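Let me begin by handing over the structure; questions about it come next.
For clarity, chains are labelled A, B, C and D in written order, and residue numbers in each chain start from 1.
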Amino acid sequence: MHSRFYLSLLLISSLVLMMFIGMGVYREMTSEWKTYQTEYKNMLVRNAEDDAARKRAEKLEIGLRQNYVASLNKSDRCMSCHIGVENPYMAKADQPFTLHSGDYIENHPVDKFGCTICHYGQGRATNKKEAHGKGHTHWDYPIIPTKYIQSACAKCHDYKMLQEEGAELVVKGEKLFREKGCRGCHKLNGVGGDLGKALDGIGSKPRAYYAMKHVVGEHTAYNWIKQHFDDPRAIVPTSEMRVFMEEDESDLLTTYIFSIREEEMPSKYRFLKNIVTPPRDGESLYKMFCVACHGSGKISVYDEIFDRTIPAITNPPFLRSADNKTIKNIVMEGRGGTQMTSWKTTASGLKEEDVDKIVEYVASSRTYERPEPFNYLEFQTNIDSGMRLYNNRCSYCHGKEGKGGNRQLGINLKNSTVQQVLDPEFLALTIRDGREGTPMPSFGGDGLGLSDQNIADVVAYVKTFGKKK
Amino acid sequence: MDGTKQSGLVKFKDNLFTVKDSLLGSFIRSGAPTSDRSRTAIMFNNFFLHVQTVKTHINTLRPSYTLGMGLIALFLMIIAFISGIFLMVYYNPSIENAFNSVKDINFVVSGGKLMRNVHKWSGEAMIIFVLFHMTRVFYTSSYLRGREFNWLIGIVLLVLTFLLNLTGYMLPWDQLSYWALVIVANIIAAPLEMTDIMGVTKYFDIGGISKELFLGGLVPGKEALNRVYLFHIMLLPAAILIILGVHFWRIRKDGGLTRPDKFDRKDTDTTYITPPDKTGDIFPTYKTYGLMELAKGKTPAVDNDVENTVLSWPNLLIAELAVMMFTLAAVVAYSFYIDAPLKELANPAIPENPAKAPWYFLGLQELVGYSAFMGGQGIPMAALLGLALIPFLDRESEHTGIWFSNKQGLTVTIISFIVGTVGLIGTLAFTIQYGWFRNWWPNIPQIVIVMINPGTIWLGFVMIWSLATIKITGSTRMGAIALFTIFLVSYIILTYTGTVLRGPNWDFFWSQSEWPIH
Amino acid sequence: MRVFKILALFMAIALLLISSPDFISAQDEDAEYDDAAYEALLEKGKEYYNARCEACHGADGDGKGFVDIIRVSEKNGRVLEIYPRDFTVGVYKFRSTATGCLPDDKDLMGTVKRGITKSLMPPQDNISSEETEAVVEYVKSFSERYEEEDPCDQISVADPPVWVASEKSIEKGKKIYKDMKCWECHGDLGKGDGPKSNDITDDWGKRLLPFNFVTGELKRGSTAENVYMTFTAGLDGTGMPSYQDTLNEEDRWHLVSYTLKLMGLTESDKKTASH
Amino acid sequence: MSSEAIGKKDLSRRDLLGLTAIGTATIAGLATLGGSLRLVKPNVHFEESTQFKIGKPENFPEGTVRVFDDKNCFIFSDSDGLYAVSSICTHLGCIVSLTEWGFQCPCHGSKYNPEGHVIGGPAPRSLEWFEINQDVDGSLVVDSAKTVAAGTKYIFT
């Protein structure tokens, strides 16, 4: 009866401890992978064709399988469950035992490549939830959906080879990336616009890089990228991204996006047969950097995303009044206060010769008739009269003081390019003749009836916007 | 010659045949514990047991007196030490491998996950039980009568416990580790706030230098991990072991655990003791004493109090064994169900939102929200200083060994508890609702915020409250009770606020379920 | 902010109407203009029209000004082609009169003042009431319809019932949206992408795109009353009919609730948006 | 004597609860210790696959001697066929080098003949011979985890 309290405490605690140690051992014994391996072993034994095969099957050791590839720094334990991945007899088996599809593992043996180098997921994990890394697992790189798996091929192979040998999805994605004008806003390898985030290593950004709030379904980077191609503002409400996808284009681009990775493959894994550099002629460059906003450039459109008019830049009336030098100036300087950023080499990484090519392409539909010149300097300009005219005739599109945008059709006149780079003749011509194909009407004689003197006055007034008061 | 040789061999032969008994005898030097004498001998012949007295006061054995808190804290530490050694088998302190090796412990090491959980939870439970132990010691006035020094050592042990936990938190090199490391490094650099105000940062950058020494660089990287690892597995454990040794030695020197001056045995005492054999042996009724050592306080076996002592073997040892088993079982059971967190790999580019320190520092982080220097260094220092000074400012030792001293003590505790709860929640609610100086006057100088913020105001209030209590009750003991109670309440409320009520951007939320989805 | 602006606009208009009784009486005495005064009014209107309206609506009011088609690229990439209104036909979308009727002068004046920002028609916010009257009178003079017909009476709109935009009302509206086949043009989710959306034309054969509730504000303004008026009066010249006869008043208000929900303008939407 | 008796009696009274409690505690403690010690044995090895490809059979004409340093293996080809010999000394694991007369271990002077048999020094066993297989694509695969009897030579086409 003595020390009853402490002895009872000791007895109960010891029993509880033993119970939990036992439960811990039991949990180890019945882990997910052990269950799968036992099932696999039984399957092999049951389906063995002869005694020798049965003996081999019975000798199968149940234990963790690890594929350690030192040069890739990968320790993949996927085969602890996907144990039949190299067994040709498992072609028709269900997951997780099934043979790897296609003939990929012939050239990419599992013991040299592992699994996560292509499929991602958490190779070190030994249960399905953690290994596949979906949902709330605190793993940055969940297993990649098979529709995007070709992004992994591009880590080692060149696009020509991929095109020829059955990885055309990522090739198409790469082409789309060039032709949708993604780099008009996003820098890649230091070249591109500044409106969006740089895309270097975007494919290996961790999960936390993305704001997952609006993503439908699993909160993975794959879903984020795919869904934001489909509808940028559904994922990032304040996004200014202009990208409009047809059917499977978003999948293709997503595939390409995940091939842009930070980590480099060791050279012995890379297999570059024939690298073909993508074309860098004027049209390709225009597509790469301009097309996202300007489209074909033939018509001008008021854009609700930018909340301002995106001017037409390849229509003949524009080209008639703007020579290559003017266009190049606009491109190089950009238009301050608008989404048109500067394309100087220092700002965009684009070489000057490339800008020349783009300008040449833009100007290629120029007809060689020149407009009747407007000798601005001959006029005695009256800024007050210009102001009155501007406020009466121009301000309801271009806004007071030429700010433009915000549900006003006219473009911004206040930026430094208009104020400093463009000469008054150019402005006067534009006012007099208007811009066909854009909402800018002709204000000159036959049009809305302003005299040349009036036009000169307006130009003089417009040119005062840049001055600081 | 021949005979001598012969007898030598015979001797050797005899020794050889009796080697079993003599070997056993050298291990069990006192014989089987069948008599009081041998039970006593065990206690003082064994290195590990001799730190304890041969006889133990019944009061010490009463679970309702000590609640076993100190013992539990000790055993938690031992569990953490042993499990830590097992984890060290696999852990690799490099930024390339740390995270992976922790993943390996979780995934492929047999029982690795359980071991990691045990290590984590025993470590964190240690904080709670050290605080509980401190609370017990305080409310039973056990810091008095020569125990002032041991109280100070206890505070050092508390700080070491915090540091051990904190450094451990940083080792997995996941997002939690990394951002906790960043926050802690910047709290260390917080004196910058003061030197900036004084304009002497250029000449005397104590904050910056401390941070650089801690991190081995300017941002957390491989050097920082190495240093943290060194602290966690070497310096801090060594320090805590040595100081713990002193702590126990002082308990012995101070005359064992405290007990009331007037101690009455109760009938219920028999459920947790075995009364000594009164017959013969070394504690006869006619006993005499020799001077063994000089010790402060009342040794167990003087005066009539000897009636209230029992032999440590088996009474104390069974109690200790039971508490140890209880602790181990509880930790293993908890660890079986609840996994230690492990988030994504550390990413210096993407902070956690909210980037929270480990929970036991979230009270501080709440204060840091007002001023990094005051919250991270000033107020904690003041609180520790206040705690350390308690035994020197309150010297009323008449109620030693009695919970809450007396009825008045209990009343003061309850009132202080209510005042602390209401006052602090009010202060926090006000700050959360209306903001602080910077929200009202954006250009206010930093020095004003450093000096006057909800944290310092609360600190001031606590001091005034304690002084007022001393004045009203006329007892320094009551003032100490008021101070300590509010300290405890503040720690709990601030920690709760920082842990549960603060969400992304350090905004206020009633619970984590209200956090916006990322 | 926008709500505030719209509200301010309404307040201004309301104030204007209340504070100038002679303005209203002038309306009533429309027919009693003497010719000279009418000519003077038209002249004034023409002056204003030529400065501000001609560029788009054309010197002859036929909608063929120099500006021509205005293209707007919506946020989802859909490009709307906007043709300035042809005043010679005398068919107007934004009326407070029954379908097929001429609009009330107040409707026209309201449109001039407010502009149609969605279609980039700028609001004329610094125009006096006389000028408005003059320009409206001038615009009316383009159409022969005004010589033959009189405008119908305005449909009176009561204040929206309190339950508009409530959960229950939205549910009912959703059902009506389905039953009345609104989705055929406007799409299941109101994105303007219903099965018929690709082959709608206006009365003059120009292609029309159904309204996308999700991205746009309503041209006549996105208040509950305006939405209600659209359902009641229809948008003449387009595929949007009047539901005055097919839905009772209560049902129309339910439909308003659902529309507001699709546009994200209900109270609960605003709450979540501010988070 | 009497004290002994009382002691024994005392012990027996406490026996049931006390001995059970202490016994259970001992078992629980040992179980915990045992379970913990199991943790020390690694379940996975961070080692590359033991199988490695050496190329097509036609690359190994008669008389070929090839050294695979990173795999610790020699490949020989003679008139009887192809064989793979380990370069790890059976004494204490140093790497042997090829000489005119066989293999020489630099660490403690073990000597082997060209077949891998010990001819001198402390080595207790002959060098191991590895299994060679032909893969589906025709290339040869050596598996250093599978040893075969010394003298096993393979003929591939």
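Details
Just so we're on the same page, a residue touches a chain if its C-beta (ideal position, glycine included) is under 8 Å from a C-beta of that chain, and two chains touch if they have at least 3 such contacts.
Computed from a predicted structure; not experimentally measured.
Distance from subunit B peaks, on a Cα-centroid basis, for C.
Centrality by C-alpha centroid: the chain sitting nearest the overall protein C-alpha mean is A.
Averaged C-alpha coordinates give centres for subunit C and subunit D that are 87 Å from one another. Inter-chain spacing, taken between the CA centroids of subunit B and subunit D, is 47 Å. Separation between the centroids of subunit B and subunit C, computed from CA atoms only, is 74 Å. Each chain gets one centre point, the mean of its Cα atoms, and the points for subunit A and subunit C are 40 Å apart. Listed for subunit D are residues 14, 18, 21-22, 25, 28, 32, 35, 43-44, each touching two or more other chains. Subunit A has residues 1-4, 7, 10, 13-14, 17, 21, 24, 64, 66, 75, 77 in contact with two or more other chains.
Shared interface positions of subunit C, i.e. residues touching 2 or more other chains, are not present. Chain contact summary for the complex, subunit A toward subunit D: residues 1-4, 7-8, 10-11, 13-15, 17-18, 21-22, 24-25, 63-64, 66-70, 75, 77, 106, 111-112.
Within the complex, the subunit B residues that touch subunit D are 34-35, 82-83, 86, 89, 104, 108-112, 115, 274, 277, 279-281, 318, 321-322, 325, 328-329, 332. Listed in rising order, the residues of subunit A touching subunit B in the complex are 1-7, 9-10, 13-14, 16-17, 20-21, 23-24, 28, 64, 66, 75, 77, 122, 124-127, 130, 138-140, 206-209, 211-213, 219.
Within the complex, the subunit D residues that touch subunit B are 2-4, 6-8, 10-11, 14, 18, 21-22, 25, 28, 32, 35-36, 38-44. Contact residues of subunit C toward subunit A in the complex are 50-52, 54-56, 65-68, 70-77, 79, 117, 120, 122, 124, 215.
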